[in-house]
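Below you'll find a set of structures to go through.
First chain A sits with chain B, and in the next complex the same chain sits with chain C.
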Partner chain A sequence: MSNAGWIETCRADEIDEEDVLRFDHGSLTLAIYRSADGKYYATDGLCTHEQVHLADGLVMGDIIECPMHNGRFDYRTGEAKGAPVCVNLKTYPVKVEGGRVLVQIG
Partner chain B sequence: MRDYSLTGPENAAARAKGLASAEWYRCAIPRKRMKELMQRRDGPAIRDTITWFAAIIGSGALLYLAWGTWWAVPAFLLYSVIYAGPSDSRWHECGHGTAFKTRWMNDVLYQIASFMVVREPTSWRWSHARHHTDTIIVGRDPEIAATRPPSFLTLALNALHIKNTIAELRRVVLHSLGRMTEAEKDYIPESEYPKVFRAARAWLAVYLAVIAACFAMGSVMPLFFIGLPSLFGAWLHLFFGLTQHAGLAEDTLDHRLNSRTVYMNPVFRFMYWNMNYHIEHHMFPMVPYHALPALHEAIKADTPPPYPSCWAAYREIIPTLLRQAKDPTYFVRRPLPGAQLEPSTSFAAAPAA
Partner chain C sequence: MADGGMVIVGAGECGARAAQALREAGWSGAVTLIGEESLPPYERPPLSKALMVAAGEPQVAHPLTRDAAAQKGIDLLLGARVAEIDREAHAVILADGRRISYLKLLLATGARPRRLAVPGADSRDVLYLRSFADALAIRERLRAGARLCVIGGGFIGLEVAASAVARGCRVTVVEVTPRILMRGVPAPLAELIARRHEQAGVRFRVGAGIARISESAGTVKIGLADGDEIECDVIVAGIGAAPETLLAARAGLAVENGIRVDDRLRTSDPDIFAAGDCCSAPHALYDGRRIRLEAWRNAHDQGNLAARNMLGGDQRYEAVPWFWSDQYEMTLHVAGLADQATKHVKRDLGDGAELHFHLAGDGRLLAASGFGPLGKVAREIRLAEMLIQKGAKPAPDQLAAPEVKLKSLLNA
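Then we have the complex of A and B:
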């Protein structure tokens, strides 16, 4: 697989299971998730309701909850799960290589 | 006097100054500790809800038994304060979705408490979201209770929830006709309008049912169980609520400067669901009420000294409001500690080459 558009983010073991980490790349802010079954996902890092960092929120199952207004998204698909969030999150392909989490942003 | 409406010039001015949807100061807490504090539980809120409704039923039974005697007056006042006082904090915590771990429990109690405190559930959910985004930012925050200068008439009327109730009933009628106010259009997305209209029509149906019950029984007694208690018990949530922000700074991006943490006794903390830890609540709104005392311990070195009692808070609030009546530029400047806690709530690293 080509590595075009992929960026290296954090070490895979830097994220606890059922948790999220913030990663900034230039002006782009990502939220990188590790699910309870050890899979990795990435979405835009800011809530679509207000500009709040999701990485300060709480991961519960497949849901990331915004730390400010209780906005909830399915971080696997980016789907907004109800008020106050009405716009889905953008998601990014993720892979783990050599113990590092890579995210395709391009 | 500044224009506190959301449709006036202060809204654009706040946005131009970078005060709208801005980044706020947050005390540093290790991520692991914050995750522990944010964990949801059902147990405390189930226990507290059973206790609260048992107290409502008990005091309601006293009112029923005393009906027709003068004892009905104190019984009604007791019932009202138990009915309406905690309904504000239950509305609030369930609106944040943090009171219970189980989502439907939050939703059910939110709907019930919204009715009891006379706040339309969908409108106020969005209003409160804005209050958290733009806390005490003039022209942006729809929930500023004490303006500068303060309106003592409004505060007095709201001790009996009169002004709020009149405004809310007007909105219920408006919403039941399928219309929104201009201010609401500033903070409620259009996709939410149908929910607003449905709730307004449900409320009207309940009010009509209570009035019909009065006619059917040939007595006003039903109104003294549903309706009037929302007015006569409102003084308690106003008493708690004014401690939150009254007299403090406007247009700042630091909750330590515009919010108060006040130590309260266990009965008040039960009624108020720990919202006396108000700096903590605003800085980290997803921490459930039952974890706020622990959050307070975690960040108190980086916050102004808490007020030791309601008495201490009101010894500051009342003279401040009186002074602001003459000098609207005056406000209480809270001291910020120099000490910082250990850093990092989030991870940010340079991208790999």
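Then we have the complex of A and C:
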């Protein structure tokens, strides 16, 4: 399987369960999540409302909450869950290989 | 008479949110949102921060644009002033004589800056911050090298001070009480914030009353009560805000530190609601004490809640009060009301960040406050907020220990 377009981000054990980590790649900022059941997800790292880093926010269940205005997204699908956020987050395919989290950005 | 729709007076964060929440809740009748400013609703928090320091043309974000209003069927009346409420006829009367009838009315009239009341305070060099236009006027005066004197060591004053430093100004903050942030922020955290400002070169004069303001040859002089004088080029006064209650009072609605509402945000007239900075409501978490908040989150939450209750909902206002303030690279977050706390516990978050927990005599967590980088502080305060909402009585030694996750206390 080709790894074209995939980037290596953090170690899988760097993120706690039900938590999030920021990862910057060039001008791209990602938020990488580990759910309570141990699955990994990735979205754009900045809130679609006021460009706040989502990795500074709180993960509760499948929801990431923006630390400034409480805008909420389902981090698995990127779906915006209501005001003040109305634009969905972009999500990225994720896989774990050799203990590292890989994200497909291209 | 009762053929009207939903009418909202005040097109700030609260009014704009309520108008949209009415649609989200399925209301298909008329919605009219009336604002005095000519701009569509915009977000005020950045006015003292990002807008002051941003390069290029200052911009504001709109929680409701003209296009979005049209698309949602919200009748946006801008540059329009409501002169009177005719409660008998269920109508508001605009200054130009137009009448708009209502089924339910929401007053989201906000607050206005308190004015300095000393000789010379009417000087054109004394500025206040509330609107986008105010922010542009201040920004224009904060040129590199300018001497700014901020009167009032509250959120607005300190944010303007930090922004002015970033613009290259020399800044003095004068505060009449013994310390900055007397209202709502505990002393140890206020001290931490003062140190950060001093590092940036800000000078403080606390416990200093203002006696007069005078001008000569392009220089402004602030005469302090103790006889000292401070020379500067421009003054920004951030000495609090007064709720806009005139319309309500004229209509005979009860007013008590803002428009008096019950815990459903209803005024003394069951068809009229009030929300946001303009109203005071009893708060179940704080023994039913009547509180009035001037904060973005409160305006947003109360706008949502008022809209649902205008449509026959019966939801109680019980959200934990929450504030934030950005200064330099640091952020201050406060959840809850600390003033009746008798026990205070500190948690060191590292990197100069601190979290303080404020507990009642019976061990209940009343408030938490934090200062530091956003990534250190925000989620901890959010978790503390949830503990406060639950009425939790967390063990002080666990609150003090950085290795104990607040999330684990929440699930305890």
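Points worth noting:
Keep this in mind: the second predicted complex is superposed on the first by the 106 of 106 C-alpha atoms of A that agree within 3 Å, B and C clash if a C-alpha of one lies under 4 Å from a C-alpha of the other, contacts with A are read in each partner's own complex, and residues count from 1 in each chain.
The definition used in the following text is that contacts are C-beta pairs under 8 Å (C-beta built on N, C-alpha and C of every residue); 3 or more make two chains touch, one makes a residue touch a chain.
Owing to the predicted nature of the structure, the values given are computational and were not obtained by experimental measurement.
Considered on the superposed chain A, chain B and chain C are sterically incompatible, since they clash. By the touch criterion stated above, A:Ala83 is placed in contact with chain B and with chain C alike. Once the two complexes are laid over each other on the shared chain, residue contacts for A:His53 go to chain B and to chain C alike.
Chain A is touched at more residues by one of its partners, and among chain B and chain C that partner is B. Of the two partner chains, both chain B and chain C are touched by A:Glu65. In the superposed model, A:Arg100 makes contact with chain B only, not with chain C. Of the two partner chains placed by the overlay, neither chain B nor chain C lies in contact with A:Glu17. Applying the stated touch rule to the two superposed structures, the overlap between the chain B and chain C interfaces on chain A comprises residues 22, 50, 53, 55-58, 65, 67-70, 83-84. Chain C contributes residues 17, 20-21, 24, 43, 61, 63, 296-297, 300, 304, 324, 374-375, 378-379, 382-383, 407 to its touches with chain A in the complex.
Chain A makes touch with chain C in their complex at residues 18, 22, 50, 52-53, 55-58, 65, 67-70, 82-84.
Partner chain A is touched in their complex by these residues of chain B: 21, 23, 31, 34-35, 38-40, 95-98, 122, 125-126, 129, 132-133, 189, 191-192, 195, 284-286, 345-349, 351-352.
Considering their complex, residues 7-10, 14, 19, 21-26, 49-51, 53, 55-58, 60, 65-70, 83-84, 86, 100 of chain A touch chain B.
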